[in-house]
Amino acid sequence: MSSAPSVHSLWMTAAGPRDKIPTPHIEYGQLSPVLIVVGAAVLGILVEAFLPRRQRYAAQLFVSVVSLAAAFAAVIALAAGDYGTSKAHVAAMGAIAVDGPALFLQGTILLVSLVAVFTFAERRLDPQTHGNRVDSFAAQPAAVPGGEAEEAAVRAGFTSTEVFPLLLFAVAGMLVFPAANDLLTLFVALEVFSLPLYILCALARRHRLLSQESAVKYFLLGAFSSAFLLFGIALLYGYAGTVTYSGIADVVDGQVSRVDPALAQTMGNDALLLIGGAMVLVGLLFKVGAVPFHMWTPDVYQGAPTPVTGFMAAATKVAAFGALLRLLYVVLPGLRWDWRPVLWGVAILTMLGGAVVAITQTDVKRLLAYSSIAHAGFILAGVIATNKDGVSSVLFYLAAYSFVTLGAFAVVTLVRDAGGEATQLSKWAGLGRRSPLVAAVFAVFLLAFAGIPLTSGFAGKFAVFKAAAEGGAGPLVVVGVIASAVAAFFYIRVIVLMFFNEPKADGPTVAVPSALTTSAIGIGVAVTLVLGVAPQYFLDLASQAGVFVR
Amino acid sequence: MNPVNYLYLASLLFTIGAAGVLLRRNAIVVFMCVELMLNACNLAFVAFSRLHGNLDGQIVAFFTMVVAAAEVVVGLAIIVTVFRSRHSASVDDASLMKL
Amino acid sequence: MENLIGLLVAAPLLGAAVLLCGGRALDRVGHWLGTALAGVSFLIGAVLFADMLGEETSDRALHSHLFSWIPVGGFRADVGFQLDQLSMTFVLLITGVGTLIHIYSIGYMEHDERRRRFFGYLNLFLAAMLLLVLADNYLLLYVGWEGVGLASYLLIGFWQHKPSAATAAKKAFIVNRVGDVGLSIAIMLMFTTFGTFAFAPVLSEADRAGEGKLTAIGLMLLLAACGKSAQVPLQSWLGDAMEGPTPVSALIHAATMVTAGVYLITRSGAIFNAAPDAQTAVVTVGAVTLLFGAIVGCAKDDIKKALAGSTMSQIGYMILAAGLGPIGYVFAIMHLVTHGFFKAGLFLGAGSVMHAMNDEVDMRKYGGLRRYMPITFATFGLGYLAIIGFPGLSGFWSKDKIIEAAFAKGGTEGWILGAATLLGAAITAYYMTRVMLLTFFGEKRWQPAPDPHKTAGIEPGAEAHPGELPHPHESPKSMTIPMIVLAFGSVFAGGLFSLNDAFVNWLEPVTGHDHGDSPLSAATVTAGTMVVLVVGVALAWAQYGRRPVPVTAPRGSALTRAARRDLLQDDFNHVVLVKPGEYLTRGLDRVDHTLVDGAVNGAAASVGGLSGRLRKLQNGYARTYAVSMFGGAAVLIAATLLMRAV
Amino acid sequence: MSFPLLTATAAVPAIGAVATAAVPAAQRAAAKWTALLFSLATLVLSAVALVRFDPDGGQYQLTESHDWIKDFGVRYELGVDGIGVVLVALTALLIPFIVLAGWHDPDRLETPSGGDSAAGRRWRPTQGFFALILMVEAMVVMSFQATDVFLFYIFFEAMLIPMYFLIGGFGDGAGGRAEGAAANARSYAAVKFLLYNLVGGLIMLAAVVGLFVVTNEDLGSGTFSLQQIAEARSAGTLSIATTTERLLFLGFFFAFAVKAPLWPLHTWLPGAMGESTAPVAVLITAVVDKVGTFAMLRFCLQLFPEASKWATPVILVLAVISILYGALVAVAQKDIKRLIAYASISHFGFIILGIFAMTSQGQGGATLYMVNHGISTAALMLVAGFLISRRGSRLIADFGGVQKVAPVLAGTFLVGGLATLSLPGLAPFISEFLVLVGTFSRYPALGVVATVGIVLAALYVLVLYQRTMTGPVKAEVRGMPDLRVRELAVVTPLIALLIFLGIYPKPVADIVNPAVDHTLSVVDKKDPAPDHPATDAGWFRYSPKGDHAPGGDK
């Protein structure tokens, strides 16, 4: 990439005579994963528009599954074509990077979303209403909860199949997010996957007030954070005169002098750069749910429909950490000595904060929310390593963690009582007696969260700690193990509750799911154990994918 | 005049917006404050664009507007639903989930 | 010949194994089997003895190495036996008296349904005791040492349903354990000093080690001896040990086990010879104990306890003698043997009396029994004469020698020790006469048998008729014969040994002997002994022979009362050890719950509390969340700028 | 490559666990027999290993080595030295007895046929119980065989989970409390066990990571293989900075000290042993805890010799405290199992003392101690279990006069007790005495203090025996049946073994010694030489006084 100030991507052509405008050149093949998903999303909209209600569900399910699978295939193909390694480069005139991390994370996101689709489509758990199978989404989200309109919708057997296109849009955004190679693309991608998520949060069939509340909170705070992100972008732009990662990086490294001396002598120093970088960090840390930008997490996780929560918890983290990695490793490596100490603090706060507060939670979903915060802390430890191992270990951890999370939330959807999902921990007492299998599966996920050996959680934790230690963050590792010890306590508590406490008389029942959820959970368990026992292959994959293109 | 002043203005607007988010209860108003923050960013972009003498900033500003519009669509939809079910647009009323 | 040594131990061990593991099927023949095996090992002993007499004095010792036991680094312990004159003496004593007491027990335990196990234990004891005296190194000796402790534990507590018996057994074992600590430390010291703890190398090179080391070893060995031989300060268990069946008291707590300490010191002579301070300690312990035991013996009305006191005192004599070094070793052993005879005899007699008197043990409720049980009276009487050292009888020869040796120690030390031994002799004469008078002379003071539930099963042999006066009767042959045999021993053994110093010459190659320089001629000492003897007897006669004896003991002087309570030894232990111990254990238990455990739980609780407080921040208001974000952002920015500034 | 014997030894019980768990709910007996069979098969395999092991051969034998996780420098490396092979044998030996002794333990949890069928079908405590035991066996065996630190760590941690379920899931209803309260106490004990060990393990994890970093710096590629590290050390290519080494050592040692357990990290043990059923208690103290002491020998000393020596004084003092403290607190216990637990704490004190005395007697003794303590505690605890199951109570006060009604039970209990107080002639005496000698020869004062422990041991054992077995027969005890055939089958072999190893421990000692010598050479410590080495002068003959003055060496 040339480092001239007025360069770049498809949409940012320099002002000047018409003939200078270069014809944008886009490598459709290399963008195919994104394009497929977007296309499918649009198709989904059309389906909603034109197909009769009865057929939509099947059609949407088909479209989503096929498109996601296809996109995944495309990613594989790219990876096989060495786009992850030797042929890695920046596509779409500098907008999107096609390199190892991008492909690895896109692959992960696609698989996760594929599994998530299964949970979205599950229709066996809720008792049939008026002879219609129903899923976990409101019949008519616009209708007032408990109003006639809703009654009617339910009676008519409406279902909001719109969730599938929404999911696909979100996925599209997530695919771009970690691959974005300039700040604008980053911002757009962020919004593209955030907005559908806001809506999805509001669509729960049961506990609709909670659901809507979570949506509002998520939306407002999300918008707030993206404002920070955007302002940061503005400052960075002001500092470097460009929004492309490479361009900024060059300026940071001092290869290119800053454009405007006037600005220079006013600002005097790197204030713009530092403040800008910090604010962009804020935006991303919000998405990964790091303390103190985490407070939305528990409420949103609790209120959102559980399948959505699972999807968010898994996929959003992957995408956000991908973006964070790229930003720190590509744009700001020159600034390492400024942001590392700050992130140290954030990581420590996040690990301890998440673990400690989780101890006193009484709701499964909130518990998992806090555990996800703690895990964000562990991953940050890997990010801070700022070495090749750091990247690969984070990639591996993300892959491992996302499947465990998805599986765990899928199990949560199974445990139900009259009011829908029974998420109060107290109700889980004696689950191990009622249905040992489900309890055992959940126990496996919890143990993986706790990082017990022979589960993916352990391999991941070891990987990031190892990287951190190599990166000279030994103390962080110590804090990490302490936090894990604290965290272990509440995972154990749940296990105790399930196995050693007497079942309550009015305890919840475990719904028998259809093949969809079953397979989702099955995949979760499988990945957990495989990555735990034989992680080598995936570690290799991650370490091959560990290099960012610039 | 010193272009930096635009920057100061932008930051001022941004801060005002942020303060609004923190202080106002009405969801709509909060949301408007967010929009204000976004626009502060726009101002910054444009100012910088002028300084640097390239158009990137301005183009970003356009994108921002689009995104903001999209946010309005989604945001209003959500807020309105909540309003209908609760008959209140106060953010503080939506606090069933805590601890 | 060497191989026979192994058999010596193996025979009773086999008996023990068979009797203890074999089921009720063996109940009929168990006792015969046990007795037979004891006899076998006695025969083997005899054969070996004959063989040994055939050898030259210089190389009479036999040695048989069985197998390497514990080889770890420089630490090599073997299982090997050595049979020299010293061991041989013990072998004959143990197997001989042991066999007799087996026979006695056949009759004595006739009515006990657990007789088979009783004989099993007896055999176990024989095996352990033989191992103790035959071992060729200290560690193997230690095995026998604790083995006899175990046997004594089992036998004292044989009537376990009686809490007192169980407690006595436990007490005996634990007090012995204290002694064992001494033995183990002594062995460790030997290992660190000599790199080995086999008799031969250690003893032959003992004096090459520094005197300090040797003194330490000596003192530790002494501690061990005190435990096993009930010497002050570890004497307290012996009295209670009388809870056991009488044959046990006779065999273990009079004739053999309690003398193990003497064996240990004599065997380790080379060490003590080179450690004068240790020797001083030994003689002191001996002197104190011989008086202590004697005094206790005077005050007891329980016939067995009185005899126990006497045992303690007599062993005091032996220890004292052993402490004198080469002057005394031989006589210590000699007295040990003779004492074995007459004390065993006395106990068996006591047992026979109790057998006749519905297990009444209080001598004040005996009286005038000589007419009813002549044999018992005769044998007991001979034993009595022997122990007080009536001229010509065993006790006379051995004790007299010890007193001489004590004087021969020379210097003030010699005078003090001599005086102590003489005094002891006087008291011995007194209390033994007392026992004699109370039991066999005077008028009948028999009381109706106490109602059974008190004595329930104390001696199942006794068919007690509540409310009836006892009908004393002579005991069955199986019991009288051993008593007679032992009586012979008590009468003639001493004389035999002293015949042209037979015993001295016999042991000298092992223990060495030297005459020391007595300030007094042998004649003088003997005369003195006679005098104190007469005084003692006369006193006792004046007190118990002339006037009738009250059935209930008079309050008595402070000393008497103290002596009845074993000179307050138990009270002392209770105050100094038991109570504080209880407080300590209970306290530690509480500490374990509150402090050690509490610390951990406290930490956990505090984390929980913190969690609870942090949790409150999550108050559900979106604006609060926004604040935290905003604040966080501010801090983040500030920090970044700060990083650059510094 | 030859038949992977060690892998098989670990795999068989693992497979057995799966098989047992797979047995349908109806056939409980089948599950029990399956478990027993597999445990016996393991025993056979371990016996083969014991035979194939050549004491004079290389340090690690029957080795297997494969790549596992290259990125972590982790290899699947198995191998046993004398210590490892013996402990594997011990484990394999004890498990069948544990299974046999626990034959009826899970029955009380079986839902009565009246219970709702669906739950009844899925809830299979019997299968679970025995499957978990086998799982633990597999993991313990693995951790004894692993010569790769990481591999060891994995199983060291993983074994907590099945143990945790065993403790929390299956108690004897003998606490004298309502079932609810009992359940709470159980899960409290289980959680405590898990958290203590998990925290220890996590701290160790930090150290493991550290080890990787260190090796990675010096060797280019991080490794956990003991051999490689040892070679690198000797070649001088690997040199760990003193502070680093000490920190790493502490990280490792902490985990092992929790597992062992060493005062003051012991408080999880009494709860765990008290609340769990007797066989599980045996599993904890006789098998699982041995991994801790074993790991001190293999990892702490061999990876961090310098740091080990640096820490020795403190550890020795703690060990001695454990000895006395455990014994004293044991005396005050009212609950049979808790008493035995505290006794075990005292014994572990001896083991650790022996290990860190760094003499061949000390370490050899410590290793023998691990074996003997395993057997003796098993004997004592299992008999205690039989006793408790008869009376339905663990409280000492509820017994009395048992000896009269159940003499065999009492007899075996006494033998177990005597072994516990290490009576000469029984196996534990040898190990205990070796440990004491080993300690004494280097630290006389500590040796003496520790020796006091043998008195206390006598105290708590005999007090226990007296209160339960002797005295007048309690009403509730009347009609208590004596040991049954199954129970005799459990106890007799153990007692026989105790006696045999007490009389002829040489075979074991010969296997262990070379390994111990190697460890000592790693920490380069030599046994202190005697002051006046005495040559065996054939026969002692008294030579009259005066030939040589006392203390002739002066």
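Note that the chains take the letters A, B, C and D in the order they are written out, and that residue 1 is the start of every chain.
Keep this in mind: contacts are C-beta pairs under 8 Å (C-beta built on N, C-alpha and C of every residue); 3 or more make two chains touch, one makes a residue touch a chain.
This is a predicted model, so every value here is computed, not measured.
Visitor: Please state whether A-B or B-C has more C-beta contact pairs across its interface.
Guide: Output for the comparison: A-B.
Visitor: As a test of understanding: of all chains, whose mean C-alpha position lies farthest from that of chain A?
Guide: C
Visitor: Which whole number of Å gives the spacing of the CA centres of chain A and chain B?
Guide: So the centre of chain A lies 24 Å away from the centre of chain B.
Visitor: What is the distance in Å between the mean C-alpha positions of chain B and chain C?
Guide: 97
Visitor: Centroid of chain A to centroid of chain C, CA atoms only: how many Å?
Guide: Chain centroid spacing, chain A to chain C, equals 80 Å.
Visitor: Please tell me the distance, in whole Å, between the geometric centres of chain B and chain D computed from their C-alpha atoms.
Guide: Here the centre of chain D sits 66 Å away from the centre of chain B.
Visitor: Note the residues in chain D that touch 2 or more other chains, in rising order.
Guide: 195
Visitor: Which positions in chain C are in touch with at least two other chains?
Guide: If we look for residues of chain C contacting two or more partner chains, we find 604, 615, 618, 620, 622, 626.
Visitor: Mind pulling the residue numbers of chain A that touch at least two other chains?
Guide: As it turns out, chain A has residues touching two or more other chains at 216-217, 220, 224, 298-299, 489.
Visitor: Dump the list of chain pairs that touch, please.
Guide: A-B, A-C, A-D, B-C, C-D
Visitor: Could you pull out which chain D residues touch chain C in their complex?
Guide: Interface residues on the chain D side: 195-196, 263-264, 266-267, 325, 328-329, 331-333, 359-361, 364-365, 401, 403-404, 411, 418, 423-425, 429-430, 433-434, 436-437, 440-441, 444, 447-448, 451-452, 454-455, 458-459, 462-463, 466, 469-473, 503-506, 509-510, 513, 516-517, 527-545, 548-554.
Visitor: Within the complex, which stretch of chain B touches chain C?
Guide: Residues in contact with chain C: 18, 21-23, 25, 30, 91-92, 94-99.
Visitor: Of all residues in chain A, which touch chain D in the complex?
Guide: Counting only chain A, the residues touching chain D are 392, 433-437, 447, 450, 452-454, 458-459, 461-463, 465-466, 469-470, 474, 477-478, 480-482, 484-485, 488-489, 492-493, 496, 499-502, 535-536, 539-540, 543.
Visitor: Could you pull out which chain C residues touch chain A in their complex?
Guide: 604, 607-608, 610-612, 614-615, 617-618, 620, 622, 624-626, 628-629, 631-633, 635-637, 639-641, 643-644
Visitor: With touch defined as at the start, can you tell me which chain C residues reach chain D in the complex?
Guide: Answer in residue numbers: 20, 58, 61, 63, 67-75, 79, 139, 142-143, 145-147, 150, 153, 157, 160-161, 163, 165-167, 170, 173-174, 177-178, 180-181, 184-185, 187-189, 191-196, 198-205, 207-214, 269-270, 273-276, 325-326, 508-512, 514, 581, 584-586, 588-589, 592, 596-597, 599-600, 604.
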